[in-house]
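In the two complexes below, chain A is the common chain; its partner is chain B in one and chain C in the other.
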Partner chain A sequence: MTDVITMDHIVKVFPPNVVALNNVSVTFREGEIHAVVGENGAGKTTLMKILYGMQEANSGKIFLKGSQVHFNKPGEAISSGIGMVHQEILLIPEYSVWENVILGVEPTGYFGKIDQQKSRQKVKQQIDEFQFHLDPDARVEEISVAARQKVEILKLLYRNVSFLILDEPTSVLTPQEIPQLFDELRRMRDNGRTIVYISHHLEEVLELSDRITVLRKGSKIDTIESSAATKKSLAQMMVGREVIFESIRKTARTGNIVFDMSGLDYSFPQKRPILQNIQIQVREGEIVGIAGVEGNGQLEVVRIIMGLLKPDHGKIEIQGKDFTHASILERREKISFVSQDRANMGSCLNATISENIIMTHHRLNKRFSKWNGIVLNKSQIRIFSEEVRKSFDIQMDSTEAEIKSLSGGNQQKTILGRELSLDTPFLLLDQPTRGLDVGSIEYVHEHILQMRDDAHAILLLSADLEELFRLSDRILVLHRGKIVANLKTEQTSIEEVGYLMLEGGAQ
Partner chain B sequence: MKRNLFVNLAGILIAMLLGAIVMLIQGYNPVETYSALFGYSLANFYSFSTTLRNAVPLILTGLSASVAFASGPVNLGQPGQLLIGAIFCVIGGLYVDLPPYLMIPFLLLLSMIGGAVWSGIAALLKKFFRMDEFITTLMLNMIADYLTYWAITYPLFEPRANHPQTPLITKNGFMPKWGNFNTNVIVMLIVFFVIWFILNRTTAGYEWRISGKNSLFARIGGVKIEKNYLAVMLLTGALAGLAGGLVIMSGPHRFIKGLGANYAWDGIMIAMVANNGIPATLLYGLFFSILQTGSLGMELITAVPSELITVLQAVIVLVVVASRGYFELMIAKIATRRKLKDRDIYPQLINENAIDREDANQ
Partner chain C sequence: MNVIIGLINGMIAAATPILLAALGGTLTYYAGIFNIAMEGMMLSGAFFAVLGSYYFHSWIVGILFGVLGAILIALIFIFFSISLKVDEFVTGVGLNLFAVGLTTYLLRQIFKVKGAFTNPGIVSIPKIHIPLIEDIPVLGKILSGQNLVVYIALIATIFITWLVFKSRFGLRLRAAGYNSTCLDTSGVSSNAIRFRSLILCGILCGFAGSFLSLGYVTLFTENMSAGRGWISLAAVILVSGNPVGIALVSLLFGFADGLGLFLQQSLPSQFTSMVPYVATLMALFVYSIRKKKKEAIS
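Coming up: the complex of A and B.
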């Protein structure tokens, strides 16, 4: 096999003193799927951004088929056939799906007029070909994060790149969509394309990739053949210690009903009903998981619970009090919320880490203010930020740096740190471990289970069925806006839930 | 902070060099011109206190714009809010008479209420008709312009004058002076500290700043966006109104046609160069006042027309705003080079020009 890309002794330093990459050399071959794994903040994204021309290395060289190249911007990389799908999604929210896909390479007719018919048709064809359940006319701001990820992949497929970089693509896909993506990726590989694949899901990595490069804290540990690796050995290489994958859940001792949603209907104006007669009850000391294929109403359930959408009918009670029409702040006194939309809802990217950490706490916890809540207590904020940083092992330079300078996983840890330390009776966790490395997931899972044992009521949404099974005491299956099953975790299986998610059960 | 200072000073310096080139092309002597400019605005206590007095409305309207922009609302209504504040102040000063220690606070409060009423209208239009404050505040500027013109032409007209103006307000409402030093500066400084404190130390200020950056995040975090919007609009209106009141009380002591014509627009410009920073707004307000006050002297001593100062201001805004990103990049590079030296990583290969194009479009 011939080498396509060689990255030679790459060094990248972020001012003032974060060494993101320390002399990393990797070679990518033609026709291989090459996985890059490593802990949060190991430098995976940075390495790929350098290859893609989004960031420049401080030293080191890049060779494309033996000759040295230097991409000054992603556009140059794309015209050399290198494309990247980012961890953070970069689409234009106001544009429709097909408009986003063709942006920059629009088929034009006379006078450079965009041939709308033709381009829409072409995008639609591609969506069907890859079986990406997507509406080409939907506006990007109205679709879920998983759907946006698909749009990003479509964009590159549309541009016909021969070297495809995917940064944690499956973290937002549903289990049903992952095999489709994998099939497509394998087909692309067999056509002689190269795929670089960043992921924290070690099973996926082992299943899909031909070779694996492991990074740890900015240095390359090794590049190995996938056939020679196991999940345990990879985790060991990444983290530098052993990681336990067994379930750690003990049976629950449940108490009173904390969260009670009943008879809830929601329909988008003039469209089909989106949610019908939803009943969800969560007790003290219980974790209830919601399983479902993305787009079956999860987004709306979450938004209704948080008060961002008004239901048509139905009631939400927390600890016996009616919260159906409560303000967001009133809800936040009872609800901790981890959103799946890290960049828009979960954090303020250009505010500092400590400003991100005290959000909501600043209203709920007297500790952070003085003078009757009027003035912020700076020293308490500093102490608290340090606490969160320590207990969640967030890799950062200083709590006064902007949160966007953190790696994706470390941003997620910051958000988790904020929400899990709110100590509210009810927690709503939507994809809480998205983007975390195995070691961190282990820690967060333990933390969530500990909170359950401390009598919190937890509602968990996750596209990762293993995570649902690992944490939940009960699993609800959401299908086309209805809850079609309510199962005890011990009495069901991943296969059964997977079937219910697709077929909706006996109806 | 230090870094910011450097970026701004460098920007100003470049702008002044460009100004010097313009002067050379036009056949003026730049050294002479600049020394006349700064001489007239800074040379002695008298001229410096004039500069300070003139800086007050610039800084207050600048603070108004900075607070608004940093918190989200695009309040462009400082000109109108200033005029309404001024007319409220004049009405109070014509029909009420109290001893100075009551009269002065009363008039200051009245002018703040005037400005807040005017920005409050825009806030209500947003609340009830979803009209963008960006448009409505601009419209309200025009209405304020004609409304005050009407007021000083008819109901408040001073009969003996031959152009539209009001009579003098009561002497008890004049801002006291120590020599040529006008106490409006003290009011401005107090307001400056209060605003800095609100924005950086209070819970409300924290919420405003975060909402200005990502309002969805703030909302889901429990911040009452609508309430804060109203508060910011009223506060920034009050600041601009106060600027208007102080112009009356420290200057002509009456409303003359064309009063405060450009102060408020300059304030918006100052907020822009200051990148909505509160201390930076104070410093730029002062600097612009130095230029504007000095321009009179420049015109008197040299033949350079005072309009050149308008050009110079515009160049400063453009250069500082445009070069901000560039200088920051340069500083980042220097820091990287140090770090690389410390670590001794392939020194011969080091490229300290490495840039991050995260923000660039793909």
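Coming up: the complex of A and C.
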């Protein structure tokens, strides 16, 4: 196999002194799927952005098929056959699939008129070739997240890209969609393309990739053959210590009912029922998990609990008090909330890390204000931010930096740190570990279980069934807006829950 | 009958500069620029059009100068908002004030007059008489005999519609407005697209300004754009940039303008000259309500 890309002694320092990459050298071969793994903030995204011309390395060289190259912007990388699908999807929702695909390399006729017929035909042809099952005329805002990701890949294939970089592509996919993506990636590899694949899911990495490069804190640890690795050995290389994957759940000692949602209906717009007669009860010292294929009503349940949607009927009680019509602030006194949408709902990207850490705390906790709440107490804020940073091991330069300068996983840890330290009786966690590395997941899981043992009531939503089984005492299955099963974790299996998620009740 | 024809022709004449400026504004609107400098571009265009026409005794040079004068403002806008990344709103407000100051100063320095400059040496843009159509009863007096710029505005409407929705430039233009990062990572510089949209906007505002000072009337007065740039902004926002919609709204504003003139016989002129600003306020009000509704849905 020939080498396609060699990155040689890459160094990247973010001012003033964050060393994101420290002398990293890595070689990608033709026709391989090459996984890059590492903890949050290890430098995976940065390494790929440098290759793609989105960021400038401080030193180091890049070779394409033996000759040195330097890309100043993504456009140059693309014309050399390198393409990247980003951690966040970058498409124009208002455009159709084919318009998104051709943007930037449009086939044109006279006077720069877009040749619609030719464009559509070429896109259609490519869709068929890779068996993507997409409608070229569909508007991107109307198709699923998985389909959007295919559009991103298609966009690169259309540009004849032979080197594809995918940054955490499965974190937005439902478990059902992942095998399909893998088939597509394998097909592309077998066509002689090279695929670089960043992921935190070690099983996926082992299943899919040919070779794996491990980064830790900006340094390359090693590149190994996948066949020679196990989940445990990979995790150890990543974190530098052993990671325990088994459940550490103690038997539950449950108390009074804390959260009680009953007879809840919701429909949109008025006619189409989305939630029907939802009953959810969570007791002190209990974790209740909700399983379901995305789009079966989870989003609405979460939004109704947080007061962002009004239910048509039904009641929500917390510690015996009616919260159905409570204001957001009243809810926040009782509910800690980790949203799955970390960029919009979970944080304010333009605010600093410490501002993000004290959001909500600053209203609920007297400690953070002086003079009867008129002025914020800076020194307390600093102390508290440092506490959160330490206990959640958030990799950052200073708590006064903007939160968007953090890596994806470290942003998530910041949000978790804020919410889990609110110390409310009820916690609503929606995909709490999305984008976290194995070591951090282990820590967050321990933390959540500790809170359960301290008599908090926890409602957990996760697309990751293993996580649900690891944490939950009971699992509810949501299917087409109805709860079709209420199972004790010990008495069910991933297979049974998976079946219920797809097929609904026992009909 | 003649009164009605006169009213319609008045409406068309009043609508033309608004339409041209708004077509320019629609390009920057799609490119995602909050461009409020049409007023300044138009005013600068009007002044330099008179300058060119007077010194070279040619309306063609007049238009050329007018266009260059408007492009001058566009270039300053580009320098501040794209190169230096100054807030677009602040840049726009500053440039509109600058255009008033600049043209007033030059008027006094070059022509040594205050308030208005009028001279038989200024060559105005001709009216176009179309044979055959000219002879159609009633309609002929509307379809034919308009100022050349009126026809240019008509062609520009069609051309801009095509440009925005059918051409490669249009696809990239709208992409720059919807999500510029996406356009950049697709290999097209969104700043280059913004640059071009502003230059095109300058050209169109140059025509609008030339029409004001060499077509509508043949003279230059201080601050003669008189809020038309703001109205064109309101027109763009009202119809979310749709060029055909802009043409209709411009006619409506033209009608309001004519109405204002008509009302001047009975109302104090201070009130009638408020019409453009009131219309702008109403448009912005409608815009904010629509935006709220949109946000509520998503």
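Just so we're on the same page, the second predicted complex is superposed on the first by the 431 of 507 C-alpha atoms of A that agree within 3 Å, B and C clash if a C-alpha of one lies under 4 Å from a C-alpha of the other, contacts with A are read in each partner's own complex, and residues count from 1 in each chain.
Here, a contact is a pair of C-beta atoms (placed from the backbone, for glycine too) under 8 Å apart; a residue touches a chain by one contact, two chains touch by 3 or more.
Just so you know, these numbers come straight off a predicted model, no measurement behind them.
**Q** Contacts for A:117 in the overlay, against chain B (first) and chain C (second): which applies, first, second, both or neither?
**A** neither
**Q** Quick one: classify A:256 as touching chain B (first), chain C (second), both or neither.
**A** Neither partner.
**Q** Given the touch rule stated above, what does A:486 touch, chain B (first), chain C (second), both, or neither?
**A** A:486 contacts neither chain B nor chain C.
**Q** Under the stated touch criterion, which partner chain does A:349 make contact with: chain B (first), chain C (second), both, or neither?
**A** first
**Q** A:233 contacts which: chain B (first), chain C (second), both, neither?
**A** neither
**Q** What's your read, chain B or chain C touching more residues of chain A?
**A** B
**Q** Now for A:79: first (chain B), second (chain C), both, or neither, which partner does it touch?
**A** Touch status of A:79: second partner only.
**Q** Have a look at where A:306 lands relative to chain B and chain C in the superposition and call it first, second, both or neither.
**A** first
**Q** One more residue to check, A:99. First (chain B), second (chain C), both or neither?
**A** Touch partner of A:99: chain C, not chain B.
**Q** Applying the touch criterion given at the start, work out whether A:91 contacts chain B, chain C, both or neither, answering first, second, both or neither.
**A** The answer is second: A:91 touches chain C but not chain B.
**Q** Using the superposition on A, tell me which residues of chain A are in contact with chain B and, in the other complex, with chain C.
**A** Dual-contact residues (chain A): 54, 73-75, 78, 90.
**Q** How about chain A: which of its residues touch chain B in the complex?
**A** 9, 11-17, 19, 22-23, 49, 53-60, 73-75, 78, 90, 306, 308, 327-329, 331-332, 337, 339, 344-351, 355, 358-360, 362-364, 369, 373-376, 378
**Q** Under the stated contact criterion, what part of chain C meets chain A in this complex?
**A** Where chain C meets chain A, its residues are 162, 166-169, 171-172, 174-175, 178-179, 181-189.
**Q** Any idea which chain A residues touch chain C in the complex?
**A** Result: residues 54, 73-75, 78-79, 84, 86, 90-95, 99, 102-106, 108, 111-114, 155, 159 of chain A touch chain C.
**Q** Which chain B residues qualify as touching chain A in the complex?
**A** 201-204, 206-207, 209-210, 213-214, 216-224, 331-333, 335-336, 339-340, 343, 345-346, 349-358, 360, 362
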